[in-house]
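Below, chain A partners chain B and then partners chain C, in two separate complexes.
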Partner chain A sequence: MKVLTQAQLKAWLDDLAHNLTLVAPVNVQGKLEYGKVSGSGDVAWDYQRTDMSPKTWLFPATESVLTVRQAQDGTQILEPPEPPPTVLFGVRPCDARGNLAIDALFLNKAPSDSQYARHREATTLIGVACPQMWASCFCTVVGGAPNSTEGLDILLTELQEDKQTLFAAQVLTEKGQKLAANMPGTEREVALPSPKLTAGLPTLRPSAEWQARFNEVYWQRVGDRCLACRACTFVCPACRCFDVRDEVASRQPGVQVFERLRAWDACTSEPYRRIAGGHNPRPTPQSRLRNRFYCKFMYYPQDFGSLGCVGCGRCIDACPVNIDILEVIASVEKMAG
Partner chain B sequence: MSSVEQQIRDAARQYLENGVYCVTGYERGPRGKVRPAFIYQASDVDRLVWGPECDLNLVNYVHQFKQPLRRGEPPPKVAVVVRPCDARAINLLVHEQQIKRENVKAIGVACTGATPGDPERQACQVCHERVPVTYDTLVQAEGEAGAPPAQDNYTDIVDMENWTPRQRLDYWLKEFDRCIRCYACRQACPGCYCFECVAEQVDPHWTSIALELPEKYFFHVMRAFHLAGRCVACDACEAACPMDIPLSQLNRKLAKEVEALFGYHTGEDPEKAPPLTTFNPAERLPL
Partner chain C sequence: MSHSHPNPMKPNLATITGIRNLATGIKLLQVKLDDPQVSRDFDYQPGQFAELSAFGVGESPFGITSTRGHGEEIELAINRVGTVTEAVHRLDVGDKVGVRGPLGNGFPMDQFKGKNVVVLGGGIGGAPLRPVIQTILDNRADYGKLSIFWAARSPDLLVFTEEYDYWRAQPNTELYLTVDVRTPDWPHKEGLITTLIEGVNPSPENAITITCGPPIMIKFAMLSLKKLGFKPDQNWVTLEAKMKCGIGKCGRCNLGPVFVCTDGPVFRFDRVEGFMESFV
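Presenting the complex of A and B:
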């Protein structure tokens, strides 16, 4: 295993930023998100879990799917430009598993989502293992771990040796190998530290038990306080719903440009489920919130073979009215007896 | 348990035993955070708590109870725990014919104003109300009420007005850039109850579905204007925002304008209708 000093890691990142698009946790006025950096100096090193997940780089909040340019010389349909080769640095193991959850819909079942596939192809993920589970974390409840390697190309683990911070690099995929070709450091054996886990977390019940609890009055009560905003889904690394609309991009004499846009959408919001004619089969915040949990723990596992939750706990922290997905998991466990 | 909590619970029990369908107050979740609680049975009133972290406006939830529970019945009566700022929203909604005053029982909690150590909220620093303008049960802490603050001179807003337009634009674009367009601010606002928000209207399609800066900018400015003379300064929008955008500054700027033009404070006087919902042909505004 390669072991790097902090200085070596920073030098390597500076080198990567020079040759590729490097994306890492950055502090935007007190909120942590993944942003393009020009070098290791821009990275917000001291983070537990970012406020926004790195899915923004694989499944952008807003994306042009195609552009139609209409002019005197004819009509052209233009595909969006190829995404540049990108390195996502500082990805937490839960977020990497979030990408795998999105893959289950966008890649693993035909037809694949070409737009997402291109981002995925162009991106190499360097993870940094969590030394512990933080306050709202519950990755172990949904099959993950603070040091999980799933979905990552390289995983770095922080070590303390002789009061020096070192990073042990596990190179996990071919993509990772390619990127690590110029990685500095010393090749040697190291024992990786075990992360500190949170004890006493509930057990996630299988989807059949969720199905049996669908009509419980509990779903009405937990949804009473739901504001029907979109915060939980937008911070979620595994939520992948979007809306598509054709919009005018620009209109000049002789040249009109239209764009087919897709942007994140959220099942908790009222217009999400509204259908032609104005009917809404999920008219209440309660019914929509229940859907959010059932999507994650029943529909998505049954239809796409992956849980729709990776236990990052962002929705717990973002929710203005403290709707707590871990409490919901615990309540279903209690109902199931 | 404080005496205020005991009084809230007693009032809630009273209402539930006398035909009120639901009491909305605050409870403490398993992680220790306070959150809105919906109490349907008198035996559950002991869940209710009170504290300085209770920073949403629960009047927002009365919109859920505007329709009858069953066809042919009148809408249910509900009770809501309110601070003085929240109570102003009751007057607003009565004026806008959203609710009938007798259908909403207000458990008004007297405020001691901003206390050192409490979460710092701009609204509390300048709020001049200690007792809700409207209530059905008044809950008051023992001991003396905090000193009323000096008159609100909008000094923070005047500061901002003295910036150049470029500085103001830069400041707000920087703040809005963080917005994720989750609409938590709108959803937490008792005054934002449109069936279909301009930001989401399909026909006409006023704004793009893009979650980008122009749309965020449009959304927040549009929302602030729609709340001019209607915002009750409860700051629930700011409390709900997961990205900590200082929305109260926008609302206060418009409140200052409305005060200067009409001498109007939203929800303060149950007899006075919001200026932007009334038409007075004699009105002449300086332009």
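Presenting the complex of A and C:
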């Protein structure tokens, strides 16, 4: 295994930023998100979990999926340019599993979502293992771990040796190998530290038991608080619903250019499931919030073979009315007796 | 630019070749796909839908109301109820639109062969049923009795009125009309489609039913059919949703674990009844 000093890692990142698009945790007015950096100096090194997940780079909040150009000489439908080769640095293992959850529907279920596939192919993921589960974290409840390698191309683990911070690099995929070709460091045996796990977390019940609890009054109670602000969905690394709409990009004499945009959508919002004419089969905030949990723990696993939750805990921190997905998991466990 | 991944969200360019008024606020749009190969490959079944783009405004799903084999044009009935339909209503013959499809499963017309078919259409819900009727009439000997129950809120909202005489003139074919609220010159029934069908009392023997209409109509039509002795597995419905992608990605049309766009929009009613979430 390659072992890098902090200085070596920073030099390597500077090199990557010079040749590729490097995206890493950055501090934007006190909030941590993944942003393009010009070098290691821009990276917010001291973070537990970013406020926004790196999903924003693979499935952007708003993105043009088509451009339509209408002119005298005809109408053309143009596809967006190929995304540039990109390295996502500092990805937490839970977020990498969030990408895998999105892959389950967007890539593994035909037809594949071409826009997402292009981003995914262009991107190499360098993870940094969590030394412990932070507050609100529950990755172990949903099949993950603070040092999970799933969905990553390279995983770095921080080591302390002789008062020096070192990074051990596990190169996991072909993409990772390509990127690591010029990675500095010393090849040697190293014992990776075990992350500190949170004890006493609930057990996630299988989807059949969720199905049996669908009509419990509990869903009324928990949904009573929901404001439909959609924050939980937007911070979620596994939520992937979207809306599509057109905007006028430019209108000049004889030439009109339109963009077809897709944007994150949330099943907790009222218009999400409303049909033309106004009818809504999920007419209450309670039924909409219940859908969010059932999607994650029953429908998504049943239909696409992956849980729709990776236990990052962001929705717990983001909710303005303290709706707590871990408490929901625990309540279903209790109902199941 | 060449792409490694074909884009399932990219519409095909099409030209509007005809527009006519179907009912108050409802236009029938005829479109022809610009690329002859794409047009030949656009092979659709009754009950399938297409996503129609009004460029610069958006894309919405519409049940295809034409029948494969009846000309190259694809026909869509557009009820003016939102931003996209509003924009489509402003388009003229010769204007460009985008078309993606055919999408969804469609009716299993072969399974219905040899059976009596009862069709219940409410308002714009008649649109995806028109190719069901046409397919039966094109292959008249393959199907039993065809009973069409056609309803709307008022006479001016009935769709495909100019085809009623043609339907009635076919062998072993009946048409029953009703409106919720009649006008003085309305010669047919007044009242809900449930009253109409219960009055006619079609036999459930060797029969299937196909219903499309607003959710509230489907709900009560199913109760009437039950009263008449139809079992849930004899009844087929086609459901509506605001399907943004039509290919099972955007999530906008889920009913529990089911996507209306890819698992439907056509469902046998016993399946719908077993859904975790009600569509009404």
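By our rule, the second predicted complex is superposed on the first by the 337 of 337 C-alpha atoms of A that agree within 3 Å, B and C clash if a C-alpha of one lies under 4 Å from a C-alpha of the other, contacts with A are read in each partner's own complex, and residues count from 1 in each chain.
One rule holds for everything that comes next: a contact is a pair of C-beta atoms (placed from the backbone, for glycine too) under 8 Å apart; a residue touches a chain by one contact, two chains touch by 3 or more.
In this text the structure is predicted, and so the values were computed from the model without any measurement.
By the document's definition of touching, both partners, chain B and chain C, reach A:245.
By the document's definition of touching, of the two partners only chain C reaches A:77; chain B does not.
Between chain B and chain C, C touches the greater number of residues of chain A. In the overlay built on the shared chain, the residue A:158 is in contact with neither chain B nor chain C.
By the touch criterion stated above, A:258 is placed in contact with chain C alone, chain B being left untouched.
Of the two partner chains placed by superposition, only chain C is touched by A:277; chain B is not.
In the superposition on chain A, no contact is made by A:209 with either chain B or chain C. By the touch criterion defined above, A:303 lies against chain C but remains apart from chain B after alignment on the C-alpha atoms of chain A.
When the two complexes are overlaid on their common chain A, residue A:112 makes contact with chain C while staying clear of chain B.
Residues 243, 245, 247 of chain A contact both chain B in one complex and chain C in the other. Those residues of chain A that touch chain C in the shared complex are 65-66, 68, 70, 75, 77-79, 81-82, 105-106, 109, 111-115, 117-118, 121, 211, 214, 240-248, 256, 258, 260, 262, 265, 267, 272-277, 279, 281-282, 287, 291, 294-295, 298-299, 302-303. In the complex of the two chains, the chain C residues touching chain A come out as 1, 3-11, 13, 53-60, 79, 81-82, 85, 96, 98, 214-216, 240-242, 244-245, 247-257, 276-280. Contacts from chain B toward chain A in the complex involve residues 29-31, 33-38, 56, 60-61, 64, 174-175, 177-178, 180-184, 186-188, 196, 200, 202, 205, 208-212, 239-244. Contact residues on chain A toward chain B in their complex (touch as defined above): 28-31, 51-52, 61-62, 136, 221, 224-225, 227-231, 234-235, 243, 245, 247, 261, 263-264, 266, 269, 271, 285, 316-318, 320-324, 327.
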